[in-house]
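Shared chain: chain A. Partners: chain B in the first complex, chain C in the second.
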Partner chain A sequence: MEGGYSPGRFGRALGWATALYLVLPLFIILPVSMTDQRFLSLPHEGLSLRHYAALFASGEWFASIAQSFWIACASTILAVSAGTLFAIAAWRINRRATELLRALMLLPLIVPSIVYAIGLYRYFGWWDLLDRFAGVVIAHGVTGIPYVVITVSTALASFDVRLEQAARGMGASLRQVLAWVILPRIMPGIVSGAIFAFIHSWDELVIVLFIASRDVFTLPRRIWDGINENQDPIMAAVAMLLIVFTTLLLVVDLAVRRRRDG
Partner chain B sequence: MMRREAGWYALLLPAFLLLSVFYVTPILQVLAISFLEPSPGFSNYERIGTNLSVQRVIITTLRICSITTVLALLLGYALSYTITLASERARRWWLLCVLVPLWISVLVRAFAWVTLLRRQGLINQTLQGAGVISEPLELVWNEFGIIVGMVHYMVPYAVLPMLASMREIEPRLLAAARGMGASRGQVFARVFLPLSMPGVVAAGVLVFIFSLGFYITPAILGGGKTLMVAEWISLQILDLIRWGLGTMMATLLVVTILVTLAVFSRVVNMRRLFGGA
Partner chain C sequence: MSAALELRGLAKRYGSFVAVEGADLAVERGSFLTLLGPSGSGKTTILMMIAGFTEPSAGQLLLDGQDITALPPEKRAFGMVFQGYALFPHMSVAENIAFPLRVRGQGRAERDEKLRAALDLVQLTGFADRLPKQLSGGQQQRVALARALVFDPALLLLDEPLSALDKKLRAELQEELRALHRRVGRTFINVTHDQEEALSLSDEVAILNHGRIIQKGAPAALYERPRSRFVADFLGKSNFFQGVVRELGGGWLGVQVAGLRLRQVVDGPRPGLGAAVLLSLRPEKIAALGAEESADNIVEGVISAWSYLGAGFSLAVETALGVLRVHLPAWRAPFVPEIGAALRLGWAADAPTLVDDDDAA
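Up next is the complex of A and B:
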């Protein structure tokens, strides 16, 4: 805000302190992950990459990373396809009823995952989906829909309805309008939604704690066990990789948004 | 016209069916179990009045959530205020400080706090090394640790709605007030603060309802000694197999959140909040 008005000393100091409080704990993981010791600590004599080496050599960690990755990919596809179609249709119909449905779509953001998790625990027992890849994909996909609905709706808000009407008026079918008129224009919104849905699944733990046990053992689940059980610095290496990975995805998202805005 | 719209309605279906079958139904089932097990009726809900463990967990949760909300609002306000008044270039970096922690895995953040706060953690070692303290401080596996971690998680959620409402404040108003002789403190207290209030209320509601059902951070930083509602529910279901009590608390949690949201629905716009991030 350029207006010849700047914050006072106290406001600025508290603002800086808050920013440091948010960011510093994340930075501290980097030196800890490169410690030369056998337990979680700052490096004593020198930096070492052996915990990263141990991480990549460990079959267990690698299996969990791969499993989490595939689950996140599959559930992102589910969330993006259902969420995008929904957002487009709700935008096009734009009645009171669709507003209500849209509110329903946002429920997974509002209802705590613990409530959903215990519900699924019993429900998936009937469907025989406990400890199954498909079960976790469905749970993560469904709870990822709101992110897609939000980003795609935002992208649609700046889209001129008359373009769609003109295309229909000139004889395009619904499928053609979707593929050639609407989807290309809202692609950045869809990509954003996909990134958020992916991160959502990739990080999700509470649901997994209830509906998966042995065959499906995702990365967050392994980290959870690690935090509760041991002081192995391999944890810091995993944490560091996750931070880098999430930050990269966010940078991609920012780039996509800038292209859309610019 | 009608036939044309039918196609659009069909596009609503996949998401609607997925959500009904795999989201809403399991949750409605939780509500049903709370009235049906172990015996039909309100017996689980009567425990709220009689069972000490139930009362204690409710009070602990409300206390921690209130403290978290106040602190997150205070820190978030200072941060949003600084961001709003920053230059265009600096603002991008400030926003990154908010958005990156927002999307970093909650587990990673809890892990970072454990590394810092535990008895042989970095803070205690540094303070002992500097000779400030002789015995390590108890910084984690208690309520203090939970609050440090939860506030850390919630500040970004507090910043986003406050930032949105602060950016709508006309900067020339502030300059004008200054020009007419108001001190910096007066401009803040009489002009900026009242105009930013809608954002503060929205942020408060959001942070409070998010804190209520929080599981991972309190479980890791509380070390099993201080129980909040979510961890208590999980204990009832997984360890004690008391479905009735667990689902009762889950129902109570959802109802509290939905009622709070309904009351404040005019100031909190979830879609705008997340879409504007």
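Up next is the complex of A and C:
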């Protein structure tokens, strides 16, 4: 912000304190993950990478990481297709009823996920989707839709309607307008939505606790179990990897946005 | 000449609001028609109905005698230049111009050839790989024109194509647009609120107000023979005199205006004795008379305000007819204006026009 008022001493201190508060838990994880002890703790005598080594040697953890990754990918595809199509339809039709529908699509964000999870448990029981890859994908995909709807709707709000008119006026069919004009223009919004939907699935725990038990054992689930059962510092190592991975995704999102705005 | 496009009783209503009512218009093939009117007069609504983006509430649209009223815009495929151009920002100049060809699934060789010809037409060869945002306003406008013409549309629609440009560039592009129209020989339909643009570009102008087409004709005919007060006032400036017919001559009237008897030529239907009439007189048709000079109509006055416009003087002269607005060419002005100076003004009996007083409507 050039030319803005510079904050006072108090404001500056408050700002830094808030930022510190936000990142402090992350910084605790780093030394814990490098502890030389056998349980979750700060390092006593020296730093060690043995827990990272153990992580990479462990088949269980790797299986969970792979499973989480594939579930996140599949549910992202689901959320992006459904969310994008809905956002475009709502934008084109644009009546009062679509506003209502839009609010409905945001429900998974509003309803506490534990309530959602209980409901899903009931239905998935009937449909035999409990503890299934497909079940978790559907659950994560549906709860990921709001992120896509929000980012794509935002991208569409700044889309110049005349571009669509121009394309149609030149003889383009609806499909051509969509593929060549609308989608390329809102792609940054779609990518943003996809990244958030992916992260949502990647670290989702509450729903998984309800609808999965043994066959589907995602990474957050394994961390959760690890903390409850054996306090293994391997979890801190996993958490570090997660943080790095998520940060990378957010940097990609930032880069995409910058390219759109530039 | 046959009509390329015909509007029959076209109307658009939004609830009780009437945007366009009873629009009848025949556009000749190869001509340049301008819809001219103040904002909110319905000119853009008519253009959008022609393009197919707005559905008419009533009436018919005919292209070469075929009813196209129900056809969606992509089936009509008229070339269109939008206000602000609506170039695809994520495509290069070449991709933008080739878009209508790509939509039609034309082969690469054919596409490239037409693209080259289109770039040539608007003198943008060498700009093919640029993005729209790397072009100036005038260049973007030319890309929009090339894109609208590249697929040989039956009609080219222009929605205030020059309004985003500064004055000098606008004048340049007016000339270019006129030349382009002559070169491609297509039917152009233009929408504008700029009367100078309408006069200089068009073969024909249709003037709109409150959703109705008020008068249509060649620019000079409209300017010289406005039928109503609105047209006379909107297209240039005018002095208006309210008078009563007191004398009928052969081809002329004696009109009593505020104690003065004016001689007025009529070529249309003649109002009877005692009829109230409205005269419209262009400021540039009033002359400052020397002491011995004479004219059909003469009025004495005093200059109450004046300004110098380079090419001429604009005077406000207090007379028995009220304050007259007068334009004198500077090089021929017989004097240097001065507030309070006395002046004899005169004009020919055929200089003013009888117009309808539609201002109350």
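Points to keep in mind about this one:
By our rule, the second predicted complex is superposed on the first by the 251 of 262 C-alpha atoms of A that agree within 3 Å, B and C clash if a C-alpha of one lies under 4 Å from a C-alpha of the other, contacts with A are read in each partner's own complex, and residues count from 1 in each chain.
As a convention for this text, a contact is a pair of C-beta atoms (placed from the backbone, for glycine too) under 8 Å apart; a residue touches a chain by one contact, two chains touch by 3 or more.
A quick note: this is a predicted structure, and the numbers were derived from the prediction, not measured.
Applying the stated contact rule after C-alpha superposition, one finds that A:Tyr147 touches chain B and leaves chain C untouched. When the two complexes are overlaid on their common chain A, residue A:Ser213 makes contact with neither chain B nor chain C.
Measured by the number of chain A residues touched, the leading partner among chain B and chain C is B. Of the two partner chains placed by the overlay, chain B and chain C both lie in contact with A:Arg168. In the superposed model, A:Val181 makes contact with chain C only, not with chain B. After overlaying the two complexes on the shared chain, residue contacts for A:Asp160 are found with chain C alone; chain B is out of touch.
When the two complexes are laid over each other on chain A, chain A has residues 168 in contact with both chain B and chain C.
On chain A, the positions that touch chain C within their shared complex are 160, 162-163, 165-173, 176, 180-181, 184-185. Touching chain A in their complex are the following residues of chain B: 4-5, 7-12, 14-16, 18-19, 22-27, 29-30, 33, 75-76, 78-79, 81-88, 94, 97-101, 103-116, 120, 122, 125, 152, 155-156, 167, 171-172, 174-175, 178, 184-185, 187-188, 209, 212-216, 220, 230, 233-234, 237-238, 243, 246-247, 250, 253-254, 257-258, 261, 270-271, 274-276. Residues of chain C that touch chain A in their complex: 51-53, 72-80, 82-84, 86, 88-90, 99-100, 102-104, 147-148, 151. Residues 1-8, 11-12, 14-19, 21-23, 25-26, 28-29, 32, 40-42, 78, 81-83, 85-86, 88-90, 92-93, 98, 101-102, 104-116, 118-123, 138-139, 141-143, 145-147, 149-151, 153-154, 168, 174, 199, 202-203, 205-206, 209-210, 220, 223-224, 227-228, 235-236, 239, 242-243, 246-247, 249-250 of chain A are the ones that touch chain B when the two sit in their complex.
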